[in-house]
Amino acid sequence: MAKSRFEYVRTYEQDTTLLPNTYIVIRLDGRGFHRFSARYGFQKPNDKRALDLMNAAAKQVMRQIPDVAGAYGQSDEYSFVLGRQCRMFDRREAKLVSTFASTFTAHYQFLWAEYFPGTPLDGSMLPTFDARAVLYPSMREVRDYFSWRQADCHINNLYNTCFWTLVISGGLSERDAEQALMGTNSGDKNELLFSRFGINYNNEDVIFRKGTILIRDMGVCTSTSDSSDAAADLGERQVKSRRQAEREEKKRQKAEVAELHVDIIGDEFWTDAGRWIV
Amino acid sequence: MAKSRFEYVRTYEQDTTLLPNTYIVIRLDGRGFHRFSARYGFQKPNDKRALDLMNAAAKQVMRQIPDVAGAYGQSDEYSFVLGRQCRMFDRREAKLVSTFASTFTAHYQFLWAEYFPGTPLDGSMLPTFDARAVLYPSMREVRDYFSWRQADCHINNLYNTCFWTLVISGGLSERDAEQALMGTNSGDKNELLFSRFGINYNNEDVIFRKGTILIRDMGVCTSTSDSSDAAADLGERQVKSRRQAEREEKKRQKAEVAELHVDIIGDEFWTDAGRWIV
Amino acid sequence: MAKSRFEYVRTYEQDTTLLPNTYIVIRLDGRGFHRFSARYGFQKPNDKRALDLMNAAAKQVMRQIPDVAGAYGQSDEYSFVLGRQCRMFDRREAKLVSTFASTFTAHYQFLWAEYFPGTPLDGSMLPTFDARAVLYPSMREVRDYFSWRQADCHINNLYNTCFWTLVISGGLSERDAEQALMGTNSGDKNELLFSRFGINYNNEDVIFRKGTILIRDMGVCTSTSDSSDAAADLGERQVKSRRQAEREEKKRQKAEVAELHVDIIGDEFWTDAGRWIV
Amino acid sequence: MAKSRFEYVRTYEQDTTLLPNTYIVIRLDGRGFHRFSARYGFQKPNDKRALDLMNAAAKQVMRQIPDVAGAYGQSDEYSFVLGRQCRMFDRREAKLVSTFASTFTAHYQFLWAEYFPGTPLDGSMLPTFDARAVLYPSMREVRDYFSWRQADCHINNLYNTCFWTLVISGGLSERDAEQALMGTNSGDKNELLFSRFGINYNNEDVIFRKGTILIRDMGVCTSTSDSSDAAADLGERQVKSRRQAEREEKKRQKAEVAELHVDIIGDEFWTDAGRWIV
């Protein structure tokens, strides 16, 4: 059997390798979740069960992939950040994005029955997710990335809260609700909720307004590296012994994954040294 | 909420787009299936239920993603070929590989209970798959790619059949079996099976020896394009009307996915015009 | 001297390798040639010396890089096509584009004095060129690429001929000439040249209207491969002996580079078997 | 003229864009300079005229491309570093490497007669250079990159000094000289030079031993950014006004390019704030 005659086809494989010493953010998005959420009767504007299920699946990803330093989720998306020194799969992009998509998908389905006990999945519409990887050379950009996603959460949730309140409590058609919100700014929307429906937006469930942050609770934070900078990280890498690295990996695996619903745009969250920095 | 202040982080996204007018092969591989198959008691050297489950999941992928022209699977891997004119996700690599990995994973888990009825999955070891995409500019290379995989199937299965026969029927330790096979060629292995165990390898189940080919059974084959060449395909694309294209897509979606276990290294399989060519 | 301590920086090198078995087109463009041509007094709308110099430099590139199958030039740009089996620099993109840019630049400057004898170059404004590589999986696309460039040559030259005739012979300001041509189609422009200036555009120098094609004059054309298709090429590659390949390379190097100014959009040019196909 | 019918070929262009906020190092290498230097009679082991010409060409590159922060050259290679905020050509890799290769080539040839007055260039062997781009996320890596090149310079020059001394002064054949040096370390080589030929290697011309560093002499160094880190740079970018940026660009263009031959592996060179950091 002339195997070798065909092996030349391997030379067509072109692995994209992610630049060393940069943070890797992998963002998953639910595929066709507009239809999916309608099919399985998700509550509007937010379904707490669905968010809890997303968070539970993401925690499992963090437990099984110790390279993940932290994560942020909202709606049907989840972003995982890998440390700049991460060597998983030799930083091959296709391996990384496909593995994260597959692992998240597996846990989401496995945990489904726990969060939607009366609603079995239908094989013709299973939950699936796509993924992408983005590189950031500095911690500043990683912070700004997560600020961007949390700002996005806020903007969407404020809009959706208004929209569905107008439809459900206000009796408007979806088209009329859309019209009513056209051109309004944040202040207008807050005012609309309060004056017409007595709703103080700031009293809405914080998980809806802020999304979910997952971090490893390492006890007293003797972080694997300080928050300073690329140069320092690099120096440290060369100094840190293999044994030390293995000890830290074990510690990370054993650490509980903590779930937070707090502001990550301001400085406070990040001043706890070492947050998401590895 | 200054969303715009953070949006610059999007400029770091670098989508790899796959070269137009080339065939895309997406290969999925089970992650850690050595341990996985041990954990769930797969039979050695081949577990018919596991192969049937792989095939069932792959068929679901083909039903839900009409861009797939055909597929080939063996062991814990599956390769899907997309036509050279495929425009799915604008040919963005990360979207493609993550979506295939996620969709296959979802169906594999969903169908698990049907193929392993007494063996529930354990959340700490769920089946997951990674994926890669490879481009081939001509049909010749696509054929050679699938020949490569089928040759690989043959070589591995012949070895595994010998190995496990020596262990299970011959009573050798795994180490001794490995030693016994070192340096043997195909002829030696066939001879060993026949002379010592009365096994004619060619009578082994054909799904083990040849793997599984999935194609769309389009009835009388008025193929979407002929088997000729890149230039012809390109010309045809410009001629083919949008309506015609939509009709063909529908036809593809409705077509039954047929499962074959035949030789795809020789010419015979490919002379049926239009096989896997889109 | 701890060399090894620093060598890790090599791991950051990420070579982009061009997909095998695809045609490579490398297009060079003059940098800032608007200013450059003004600085050195190029005649308008076309300077025959400048075009001849471009062609002379391109011929030198073809003589020194036998992988080039053919080329097309117009204005301050030149496109070189490399055969689908080309292995130069292991198809590394940066090496290829930088080498073509450097080699063309070197010959352009070296030959300058021959074509612009009274006009020495000034070190503060030397002629330089950038380059890009584009891949085409089939000969059909290579043809269409060159048709695209020749159509571009025609459109620009017709416009420029009108524009400069209006300015030079018609006495219009550049602004007025631009205004006069706004919204005109090809027919209008031909008519304008003929009715107002007695110029039959089709009698303009063919090098201005068609650009320049460079091919290797291999005598009786026993082309290195036929014009058929990717699959055939691939098969042939495996059959062709190393010695045969070397003989052909030598033949290519010895072949005269012929300069043509003909239509390459119609079929006629391409029906001579083997043109630009390697 | 149906231009649009062919324009689809543009969709095959795949520009590689270099990750934002990373340092870009572009390294040029002489093509075939072993033969080139023999053809034009370069002195061995080092030809001062050739090095001076390399440096003169590199200075011209720095004058014409203000994005270059600094450069290092040795033998027939030159490395240019662009600041992490550089936006030249929208950071398109092919444009960058081809433009640097072309610009350096143009100046090298233009200045040739000044440095090799009696040795005219021959059109069949012109000096050409290829180029590559490498990204570094932090200044630490940029430093280590240049340390790597300077260590390489030292190692090669010590070897070459021994080799050519053995050949020229010692009367050995090239083969015997190679044999004599096999397995020797730095100490052995220094000893060989001193004991057998009375040469103190440290008295060799410093340009041979250390190579050449080019920096912009900005007077009192109010560097465009401090040496701290990525985050700081980023913050600064958002604060710095457009006018300020333009003023700095002008200042950079006017600054003299200074030539140094000093150690860049130790800290001293780098503690002058702002060196090569932009």
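By letter and in written order, the chains are A, B, C and D; residue numbering begins at 1 in each of them.
Note that in this section contacts are C-beta pairs under 8 Å (C-beta built on N, C-alpha and C of every residue); 3 or more make two chains touch, one makes a residue touch a chain.
What you see is a predicted model, and the numbers here were worked out from it, not measured in a lab.
Colleague: I need the rotation angle between the copies chain B and chain C from a CA superposition, between 0 and 180°, in steps of 5.
Modeller: The superposition gives an angle of 180 degrees.
Colleague: Please state whether the interface between chain C and chain D is built from the same residues or different ones, using more than half shared residue numbers as the mark of same.
Modeller: same
Colleague: How big is the gap, in whole Å, between where the Cα atoms of chain B centre and where those of chain C centre?
Modeller: The separation of the two C-alpha centroids amounts to 43 Å.
Colleague: Need the CA-centroid distance for the pair chain C / chain D, whole Å please.
Modeller: 30
Colleague: Roughly how many whole angstrom separate the Cα centroids of chain B and chain D?
Modeller: Result: the chain centres lie 48 Å from each other.
Colleague: Give the residues of chain D that touch two or more other chains, as numbers and ranges in rising order.
Modeller: 12, 14, 19-21, 135, 141, in rising order.
Colleague: Please name which positions on chain C make contact with chain D in the complex.
Modeller: Checking each residue of chain C against chain D gives 1-3, 5-10, 12-16, 28, 31, 60, 93-95, 97-107, 109-111, 121, 123, 126-136, 141, 144-145, 147-148, 151-152, 154-155, 186.
Colleague: Sort out for me which residues of chain D touch chain A in the complex.
Modeller: Residues in contact with chain A: 19-22, 84, 135, 137-141, 228-231, 233-235.
Colleague: Can you list the residues on chain C that touch chain A in the complex?
Modeller: Contacts found on chain C: 11-12, 14, 17, 19-21.
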